[in-house]
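Presented sequentially are two complexes of subunit A, the first with subunit B as partner and the second with subunit C.
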Partner chain A sequence: MMPRLVSWLDERLDLTGLTRVALAKTVPSHVHKGWYYLGGVTLFLLFVQLATGILLLLYYRPSAAEAFESVQFILTQVEFGWLIRNVHAWSANLLIAAAFAHLFSVWLLKAYRKPRELTWVSGALLLFLMLAFGFSGYLLPWNTLALFATRVGTGMAGSVPLVGDFLMRFLRGGDEVTGATLSRFYALHVAILPAMTTLLLVVHLFFVQRQGMSVPFDVEQSLPPGGRVPQTPFFPNYVLRDLMAWYVAMALLAALAAFFPWELGLKADPLAPVPAGIRPEWYFVAVFHTLKLLPGRVLGLEGETLGVLPLARRHCSCRSSTARRQRDGLVGCSQCSDSGRWGISYRSR
Partner chain B sequence: MPETPTSPARADAAEQTPRRTFLDSILGFGFMSSAMAMLYPVTRYLVPPPGGEPATLSVVAARLANVPPNTGFVFNFGNRPALLVRTPEGELRAFNATCTHLDCTVQYRPETSQVWCACHDGLFDLGGGVVSGPPPRALERLTVQVRGESGQEEVVVSRD
Partner chain C sequence: MSVDSMIRVVVPAILTLALLASPSVVSAGNARQGQPELVNGCVACHAVLEDRLAAPVGLLGDDVHAERGFSCVTCHGGDDSADVESRAKDPTFGYEGAPVGAGMVETCSRCHSDAELMRRFAPAQRVDQATEYAVSEHGRGLAEGDTNVATCVSCHGAHGVRRVSDARSPVFPLNVADTCAACHADPALMAGYQAPGGTPPPITQRADYQRSVHHAALTRGNDLSAPTCNDCHGNHGAAPPGVGDVANVCGTCHTSFAERFNDSTHGFLFDRGCTECHGSHAVQLGTDEMLGDAAPAYCVSCHETGDAGLVAAARMRSSIESLKRSFDEAQALVERLTVAGMEMGDQELELALARNQLTLARTEVHAFDADRVDPIIDAGLGILAGVDAAGVEALAELRFRRRGLALSLVLILLFVVALGFKVRQLDRMSHGGG
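And then the complex of A and B:
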């Protein structure tokens, strides 16, 4: 049955051609190859988010009157609802952690250098999308903490120069965080962001397939002249190892979801005082604290804008010193660290 | 080392095949069990629990000022009709407005201060109990609370 189906499809779609490509694909094998798994783990967690997110949609109701109750219903009445919801909440955090680890590994191994600039850019954009997922998803259970976190978060958008007011109203769907905000964030979370992510992800993966994995400098330099980095076949060797990395992620996820349930808290009450100890999710802490250190207004410019400037300058100076960086190997870009230091000393002043 | 038909290397190669099938089947078993472990909770999750919808819900039915004594009206309670009644004595009561007989929507009759179902002439008292007619059970009572500053009070109806 199976072989006949396969040959039927093969005749029409030339599957053998595809398998030939897959079988010919190899992955470089060297001391740093462990970092290659991070991208795969991030992708796995994204799949988990997709699957559990769709399941949650079956019972979730996106309205201020019912959102909290429906999540409570999922947690207490639906069989294994607690599991699906906790996995979704934990996986969101692990996904962002894995994406950051992936980003830093690519950064430190300088895998972004020519010809992979576009892969790097698409990856960075994907990370922003993941953060937007985190921000919009946080409001959906409609609990007090989420309400205030969203109020603060969207309020920050209000301090952007010129377009701030418009942006804040646009995000909130009005002047305040209300049921209208919930509808907006829901649309963002389940339709707009997934569509954008799918598109960018296809592009990102296409680049990776097209260009193959980047080999770090020190590995390339330690090769004898004319030598080649040893390769591992992609299928089945690398795929199986990748799967094992997925299993590790799944085990961690299952343990966290089972033993550390994500709290639902109290239903959002716009009249209640802000609960003590309110703070952003860990992946927004860095942004929040950086912004807190900056003075509110410098020479008529918002502090936030100034905070972003060093990053922009770092980017420019890095590009100009590509050649030297390539010679230095590890953390070659001295101008980068200069401007980085400039940014920090500016902040502490 | 020159290879002869009896060399250990050859014997190993012959053993490789069963060992490989064995390892392959362990791997396959592992994948199958993982798939089952994931599918089981998911299928159970897909089955709607009894009741089939969030049990608790709270809705602002009206401003208190808009509900004079000896009136009643139907409002939207989570996509289902509910009936808010203010008794001639001024007390607030709320019921699930779906008749326990054949699911018609009931209404308040100020003339008799009773809840009436027009479909088959079912009558309920202001506690929701059946007075006469075919309904087999009393109407479900909902919880009524009055919230807010005086003059601006809202009537909040919830089920718990």
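And then the complex of A and C:
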């Protein structure tokens, strides 16, 4: 039955041609090849988000009156609802962590150099989209922490020069974070961002497939003249290794969801005082504290604008020397460790 | 009204109005700060006199009356536009010097008992202070010729009078105890007086109060509505609550307790009402240990072993303890499950309801009738039984989740290991072939 079906499809879709391409594809095999799997893990976690997100949509109600109760219902009444919600929440964090790790591995191995600039840019944009997913999804359970975190987050958007006020009102759907904000964030989270992500992801994966994996500088330089980096077949060797990484990520997700369930907290009350210990999610902590260190205005410029300028410069420097690359790497790593350090100290307060 | 008193009222009033209308009353400098500055003859002279006489000038900057435009002559009479003492203190302009004793009360009440005048400046303020004062221990003493008793300025100050809501005012809730204690904790001053029973008056009220739950609520709990001296004794009508009135005084805030107590046997028997068990100035937080048939329960100080009162006390205490025990167990279970990630929001709500039942039972104890306490305890225990049942169900669900996870992890691990072997095999084949 199966061979006949394959043969029927092959006749119409030229599957043999596709298989030939897949079997011919190879991946460089060297000492740094482990970093290649981060992209695959990120992709896997994105699929997990997609699947669990769709399941949550079956019960979630995006209104200020019902959002919290519907999440509570998912957690207590829906069969395996607790698992789906906890996996969704944990996977969101792991996804951003994996995306950051992927970004830093590409950065430190200088994989963004010519001809892969567009792959780098599309990947960076995807990371921003993941952060936007995290920010918009954080509000959806409509609990107290989410309300105040969103108030702070959208307030920060208000300090963008010229368009800040418009941007803040646009995000909030008014002057304050209300049910209107929830509706907007919901639309952003389940329609606009997924559409943009799908488009960019297709572009990103197309670039990766078209250009192949980058070989790190030091590996390239250690080759004899005219030499070629040893290659591993993409299918099935690399794919099976990728699959192993995916399973490890799945095991980690399951353990986190079962042993460290994501707290729902209390329903959002706009009239309640700001809760003690309020903090941004860990992936915004570094930005949050950096901005806190800057004065409100410096030489007529908004402190926040000034704060992001050096980052913009660093992201644009594609032709850096090895020394600069190392320095940039250190800065990047220190930002990451700052994020972790602040995250831990903030949580412990 | 006599001619003298007409002069005393009308002349200062006319002068005050003239002063208010005069541009010289308010200097440009102070208008900027929103506070008028008195630049009149009184101020000009007193500012350069010796300390005692110059002190009032320095206090006028914070004075609520000066802020509202009242001048020295409003209280002292005289002519503040004069630049010579003889004219400024001319009795024909109503000059009466510094009022003391009954004159002080009369001076203040001239405005503060005038509803029409007060409506213009502080419409929400009462105008019966003088009437209340007249029936207070202070007022009665003054009427009998005692010049040591407190008058208006003893508590509010003379110059530099601040609003009650001003934290620097001597009658701001946090300062009242110190203000009263300035006299009532002074052994020399209190030596000449007697308590209602003919005993020497106590002078430890402030120290006792500072150990009380009321003081803790006021100072550490930042609750300005927590009682201080005047909340129980009255302020302008200050007097110790009479025997039999105590429950009414406490009941002003503790309504539910007072209702039950007043209908109870103890309500008729206790001479000192609530204070029999709770004390007065040093009142402590009520505890369950106060109830029961063995020390330290207060019941044993009057009741004898085996009498009906002690039996009822033991029964009520036992019921309360059983509800507390069940509550603690249920709460521990809910906390444990919440930490483990189970959603226990409904059960936390039920716990709050059970805690309410405990509070209601403790309130009902003040009726001293065990039959009224038991139904409340039973309702609480019923709620907690529901919480326990839900907790047991959640524990089973938690075990199921953990086992499911363990199984999944084992399966995943096996699959990863299998994949590892397959990958190694493929790598060997690739290298062998190539």
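Operating definition for what follows: the second predicted complex is superposed on the first by the 311 of 349 C-alpha atoms of A that agree within 3 Å, B and C clash if a C-alpha of one lies under 4 Å from a C-alpha of the other, contacts with A are read in each partner's own complex, and residues count from 1 in each chain.
Here, a contact is a pair of C-beta atoms (placed from the backbone, for glycine too) under 8 Å apart; a residue touches a chain by one contact, two chains touch by 3 or more.
Remember, it's a predicted structure, so these values are computed and weren't measured experimentally.
Engineer: In the superposed arrangement, does A:Leu58 touch subunit B (first), subunit C (second), both or neither?
Structural biologist: In the superposition, A:Leu58 contacts subunit B only.
Engineer: A:Leu108 in the overlay: touching subunit B, subunit C, both, or neither? Say first, second, both or neither.
Structural biologist: Neither partner.
Engineer: Is subunit A touched at more residues by subunit B or by subunit C?
Structural biologist: For subunit A, the partner with the higher number of touched residues is C.
Engineer: Report for A:Gln72: first if it touches subunit B alone, second if subunit C alone, otherwise both or neither.
Structural biologist: Touch partners of A:Gln72: subunit B and subunit C.
Engineer: Please work out whether A:Ile84 is in contact with subunit B alone, subunit C alone, both, or neither, and reply first, second, both or neither.
Structural biologist: A:Ile84: touches subunit B, not subunit C.
Engineer: Across the two complexes, what residues of subunit A are contacted by subunit B and by subunit C?
Structural biologist: In the superposed arrangement, which is not itself an observed complex, subunit A uses residues 72, 83, 240, 247, 250 for both subunit B and subunit C.
Engineer: Could you list, by residue number, the parts of subunit C that touch subunit A in their complex?
Structural biologist: Counting only subunit C, the residues touching subunit A are 340-343, 345-346, 401-402, 404-405, 408-409, 412-413, 415-416, 419-420, 422-423, 426-427, 430.
Engineer: Please output the residues of subunit A touching subunit B within their complex, sorted ascending.
Structural biologist: Residues 55, 58-59, 61, 65-66, 69-70, 72-73, 77-81, 83-84, 240, 247, 250.
Engineer: Over in the complex, which subunit A residues touch subunit C? Could you list them?
Structural biologist: Touching subunit C from subunit A are residues 72, 75-76, 82-83, 86, 232-233, 236-237, 240-241, 243-244, 247-248, 250-251, 254-255, 258-261, 264.
Engineer: Spell out the residues on subunit B that touch subunit A in their complex, using ranges where they run on.
Structural biologist: 27, 34, 41-42, 44-49, 51, 53-59, 78
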